[in-house]
Amino acid sequence: MNWLDEGALYSQIAMFLREDLGRGDITTQAIIERNTRARGRFVAGERMVVAGLEAAEEVFMTLDSEQQLEAFASDGEEIDGGKVIARTSGFADVLLAGERVAINLLQRLSGIATLTRAFVRAVEGTNTEIVDTRKTTPGLRMLEKYAVLLGGGRNHRYGLDDAVVIKANHVMVSGGIASAVKRAKEKLGHLHKIEIEVQNERDIADALENGADMLLFDGLRTDAVTRLVSVAREIDSDIKIECAGAITLDNVHSYAEAGADLISIGELTNSARAMNVSFQIQPY
Amino acid sequence: MNWLDEGALYSQIAMFLREDLGRGDITTQAIIERNTRARGRFVAGERMVVAGLEAAEEVFMTLDSEQQLEAFASDGEEIDGGKVIARTSGFADVLLAGERVAINLLQRLSGIATLTRAFVRAVEGTNTEIVDTRKTTPGLRMLEKYAVLLGGGRNHRYGLDDAVVIKANHVMVSGGIASAVKRAKEKLGHLHKIEIEVQNERDIADALENGADMLLFDGLRTDAVTRLVSVAREIDSDIKIECAGAITLDNVHSYAEAGADLISIGELTNSARAMNVSFQIQPY
Amino acid sequence: MNWLDEGALYSQIAMFLREDLGRGDITTQAIIERNTRARGRFVAGERMVVAGLEAAEEVFMTLDSEQQLEAFASDGEEIDGGKVIARTSGFADVLLAGERVAINLLQRLSGIATLTRAFVRAVEGTNTEIVDTRKTTPGLRMLEKYAVLLGGGRNHRYGLDDAVVIKANHVMVSGGIASAVKRAKEKLGHLHKIEIEVQNERDIADALENGADMLLFDGLRTDAVTRLVSVAREIDSDIKIECAGAITLDNVHSYAEAGADLISIGELTNSARAMNVSFQIQPY
Amino acid sequence: MNWLDEGALYSQIAMFLREDLGRGDITTQAIIERNTRARGRFVAGERMVVAGLEAAEEVFMTLDSEQQLEAFASDGEEIDGGKVIARTSGFADVLLAGERVAINLLQRLSGIATLTRAFVRAVEGTNTEIVDTRKTTPGLRMLEKYAVLLGGGRNHRYGLDDAVVIKANHVMVSGGIASAVKRAKEKLGHLHKIEIEVQNERDIADALENGADMLLFDGLRTDAVTRLVSVAREIDSDIKIECAGAITLDNVHSYAEAGADLISIGELTNSARAMNVSFQIQPY
Amino acid sequence: MNWLDEGALYSQIAMFLREDLGRGDITTQAIIERNTRARGRFVAGERMVVAGLEAAEEVFMTLDSEQQLEAFASDGEEIDGGKVIARTSGFADVLLAGERVAINLLQRLSGIATLTRAFVRAVEGTNTEIVDTRKTTPGLRMLEKYAVLLGGGRNHRYGLDDAVVIKANHVMVSGGIASAVKRAKEKLGHLHKIEIEVQNERDIADALENGADMLLFDGLRTDAVTRLVSVAREIDSDIKIECAGAITLDNVHSYAEAGADLISIGELTNSARAMNVSFQIQPY
Amino acid sequence: MNWLDEGALYSQIAMFLREDLGRGDITTQAIIERNTRARGRFVAGERMVVAGLEAAEEVFMTLDSEQQLEAFASDGEEIDGGKVIARTSGFADVLLAGERVAINLLQRLSGIATLTRAFVRAVEGTNTEIVDTRKTTPGLRMLEKYAVLLGGGRNHRYGLDDAVVIKANHVMVSGGIASAVKRAKEKLGHLHKIEIEVQNERDIADALENGADMLLFDGLRTDAVTRLVSVAREIDSDIKIECAGAITLDNVHSYAEAGADLISIGELTNSARAMNVSFQIQPY
């Protein structure tokens, strides 16, 4: 993530800490002496692709600007269970106050990176790329899309404002594929490519004849994909094709072989399970 | 959720919309006439406990204060796949702009409610209650804890500031169970109950003799739980006991039978998969 | 502007009012009775294309939600000096508190729309379109780009995040045109078109051979434009070409004739003079 | 500007950057290596009074706290075209991300300072001072008023809350000059001076007999100004007089000679054209 | 208070409620049925000048926009103990959630208004006015200054930005009274009057000869005030004089008789005790 | 206060400074040279318990991050009138801009700490503790509760969300003491103790039989307290008892002797008078 994301990261994490801390960590304040020092370490409980170390460090630095993490793995690295991912030392109250938010982020983002890696592996040997969707957790999009990159996937658009994708719902209320593509090209064509969802030969012809730059097949079976890819490539041999819709680790390879350039997987961000990561504190 | 949560809900959803919309939905602006009206409906793609309808409605109302949802199921209701959950009608651009955020919320919260319901069913016939944890998605805690309630679970503390739970990490840096409980009672005892994590007979004695109100067993096997529950209840027959730590749908019933009053399940909020919900738009 | 912009508009105008009002309008509070009612009207002091009426109305509605404008011209309409643009009636203290912010907006936005209209007229009869730039007043970009639309121009990108334009400064630090275009296509090519600044035949060849979708000529004389357009169109007959750089009302037509598809004019937003608009209040 | 303005400056510039950057500079991220270093310099394209260097530096420092400007001219200095105003070196992505906002500020503020300087020169040899108005760009008032100071002008009030100016619109709804001045003196007279707009001998008498501290002539011709100044000074030889209303570089000197102590010029802030300033980047 | 203050009032009260409510009123949520309705009334426990009714109403309206107060006294009215000040009816949870913030405001503001009224009474029959200071509670200045008005006092400046008062601390670091007044007149003299703290004859002469508009005597005994007033009035018979510094209800009348035009009392806002007001809830 | 409070402290103080400074300290800007250096010292004008030094230092550091206080007393220390509490040196304009906010905080918080100390002394020799209430100044709760700690008191709950206290108003609308306690235990009993207001023997029996953990007597005379304490202790010898309601320095000792464990005093935070503290500036 670049400087801008880091800036945004800081305020997000301050918000996450406020959510967990409210008026303060009353347990720690009651039982731990103010300046007690301690060490803590994050340990992987299973094999995983690590993601979120930068975010976890920011958690502690937001609480105490001098509390850095010493990392023993890097974001995007695949590690075995049992490995110490990072350690930190500092004030015990800071470690205890930040622990939960840091772990929640590490577990979730590593879960996304790990699942992405599995999908990427499943299409190895093809030219297909795994991309994410806008099915991200509300409020966490930038972090989750970053975890997808770490897993080896690519990012699709970041929001409704930075790319044009005309879906079936748009076509339904805009009077058909031909007119939708035409209008989009007229209004936005000098900046953006026009991607449009199509469901059959007729749609493909309407889309390509009016200048669509990319096709989206959503919820089709692989045999239909194979057939429609060849229809489309006959009209425009360079046309980019994206497949979406309930594609799983089991069938993703066959979609890749069916000719999709991009396969988008909503599950990467909305159904990855949390990786097992623990945080162990020790006194000096 | 009560009026306060609704107030908070409003600003959260405005933030979620800004995340997705950025400078605006360029696709819709380019191809849909400004005042086109349309109807939309949310359809369940599988059996689920519905959660998030109030949030989904707020998404559309944030975009257009007159756009309400007509619900055909209520939050907390268990429905079959295929059922129309709710419908709405209004301006097409509002439906298309809010669709993704509304679905993301419905899918995630229904996932949590559905998984919670499964755990609650698994302990039916015992006196044990299923509770959530602080292992929530950063930024979504109040919504996710509400989904747990809808699933039939109960909420544990909302943050570090509203209840005292002394975990192993606290004990490690605070000089032992006895002194930790003593201090907590001294500083916070007139308002809060003191819950503390214990691992063996000695810990239990130390905790109860110093006035702990509740015990937490984390990561113990069921036979250990059975034994330690009886040790604890001999000292204080009313003592409340919570079990935590990688308890699954398969073994949760045996933990309940081992005598836990509360079983806390992090997976409810950090690993529930998104339910399948779709949004279908039609013109008038 | 659509609902999203209106939402943003509201907070911007509240900020503008706070800037002018500080702790309150002490003159009015001292000398005008609290519930005095009055009428006010905006009068054009010269021929102009009106822009900002929606914004001006929002100024008064922010102060008193029931204070609407009755408009006698619409945004984008060209009117003669002397015409009453709009009138309003309500509390005198609201009219006096909002007057300056409303006029500042009307004068500035009408200035932009009027200047844009002049450029659009100057290229009438050609296929060239007048577009704006990112040379907008900091903080006012969306309003100023809306004024350009009202004047008959088109908008170029809204910010650095929604379109790819590789300028000479980028080329300078990225190792040349060929590699810059290649990388951009690789990373962003499935969503965005790639526009790049070129200065000579060699640049054009490098850009087009690597897949650039659009060329930018910045600061060239018209004869150079004519020549390079023909060079480019020989390689790719459909290639879009934008001209920029100190193009004035006097020479814009010759740039259009030289073959530019788009001419971008920074002056539209950074040097338009304020139109003469006055606000006259009368008691009942 | 003092520490407070700098504080305010920081948040304003962060807002301006967010306006331009949105989710990030996708062009630079795609084609420039992360840690590439580069140098940049601002060059004046014409003779101008420089204003906005402090703001331009803040732009880069907001992106990277260690990125300072080395200035070769100071705010308020008049320089020739061709002069390098300042240079900076640092990360290329920071230079490219901040370039546009920095230039937009420098061009606009230098435009205001340069125009102010021209008006100040035009009244040289008289005792008249050039002052600004509240006809500033919404959101930029403090910066624009600072540019007026750099140009040699003086600031009139900063908002409706820090000084009392009774204009014709106030008189219209408050029952006349005499009663307006009386009330203002009663309510605010121990802190503020009372300035009031007058149009003829009768107004002047009403204003001065009731204790006005300053008179405003708005839109009068120079001969009327000469006559009314002498009427006013006969009643109160020390009375301060301000002239306003479409006064230009051509006629400002004659207004000064007609006896105005202050001449306020709205054009300084609402119609100054942007100065020509460019930013040139070079790799190391 | 006018519309602007009401706007500010709304956000302040939302902040006050968040401070008290945190994540919600857990007692009420646990034991009161959601839609239970109730009535409540504010009762004065002693004789007082009422202040804060508008604020108290805003508290309930912030929680539930339809929950208005029916007032039986008006802000600024002096009432006897036992009187019902206002009543309201609505949802029990809203009454219970808003009760404390509403009472805290009513008690504090009525305390200020009541104390102000006592000081105003103490100087009745003289021409002296009682004014407040900047010794207000941080965060509550506008509300507290409004309470002073309701008590019959007048407001001094609202902050450091809206009037010029040169105190001993300024004189100490600015090189003496004469130069301080001269500079202030030069820089700010056309808008603001210059008030300056003086301690003896010499100071008075220095101040008045350089154009000071108002004198401040701080911490002088009444005999010194009498003497210095006459010294000052000999030089400028109209000069306004303010007395400050530990003036009490017991001696305020003698300061008034000593010739002060204004007497400023910090105690009004920093030491008024809370009035006794209770809130009684009844079910329907 | 811990790191979290310091974080909150910073934004609060920035808000307090904006309230006082508005657009800037015009007096200082007009008459003090920009880089003038000066020294300042806070002097106690009477015997007091100091509170607010950390806050006062934060005021100056918010204006200039290098401007620290050198303290000669510590928060919570009791000092005599005449003592220099702290001194600071730095830029004169920073000292003058921060002076008033810093003093306002020191005076108010020291007032609370001093009054608390007096109540604590009055119950010396008993086992009773003095606690604060939610009758704090809106917006200042955390600072005021911290001042109570410094005075030797203890804090009651911080808001409606972190402890359960069932007052007469709750009982009135919830159907009686027995059912209120029962519901609270059911919903919140595993985390929080249940405190309830009781007025007579019957109430006490209803409360204790249903499991209340703590009783509140509000507004009872000492003889009634003595009698009801013995009634309660007969049922539950360990039951904690709090007394509240217009208890004064004169009668607090007799309430302590009557058997209250906690005595809560609203006056600590809503009616403490400001301590006399002055700030004296000297040039170098």
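Descriptive notes on the structure:
Read from first to last, the chains carry the letters A, B, C, D, E and F; within each, the first residue is number 1.
Here is the rule we go by: a contact is a pair of C-beta atoms (placed from the backbone, for glycine too) under 8 Å apart; a residue touches a chain by one contact, two chains touch by 3 or more.
If you're wondering where the values come from, they're calculated on a predicted model, not measured in any experiment.
Counting steps between touching chains, the shortest path from chain A to chain D takes 1.
Computed centre separation for the pair chain A/chain B is 22 angstrom, with centres defined by C-alpha atoms. Centre-to-centre spacing of chain A and chain F amounts to 47 Å, using the average Cα coordinate of each chain. If you average the Cα atoms of chain A and of chain C, the two centres end up 35 Å apart.
Shown for chain E are the residues in touch with two or more other chains, namely 21-26, 29, 97, 158-159, 161-163, 192.
Judged by the touch criterion defined above, the protein chains are all mutually in contact, each touching every other. On the side of chain E, the complex with chain A involves touching residues 22-23.
If you check the complex, the residues on chain D that touch chain A are 21-26, 29, 34, 63-64, 93-94, 97. Chain C contributes residues 12-13, 15-16, 19-32, 36, 38, 40, 92, 95-97, 99-101, 103-105, 107-108, 111, 134-141, 158-166, 169-170, 172-174, 179-180, 183-184, 186-188, 192, 266-267, 270-271, 273-274, 279-283 to its touches with chain D in the complex.
Remark: chain B residues 2-5, 142, 158-159, 161-162 touch chain E in the complex.
Listed in rising order, the residues of chain F touching chain B in the complex are 156-158, 161-163, 190-193, 195, 214, 240, 261-262.
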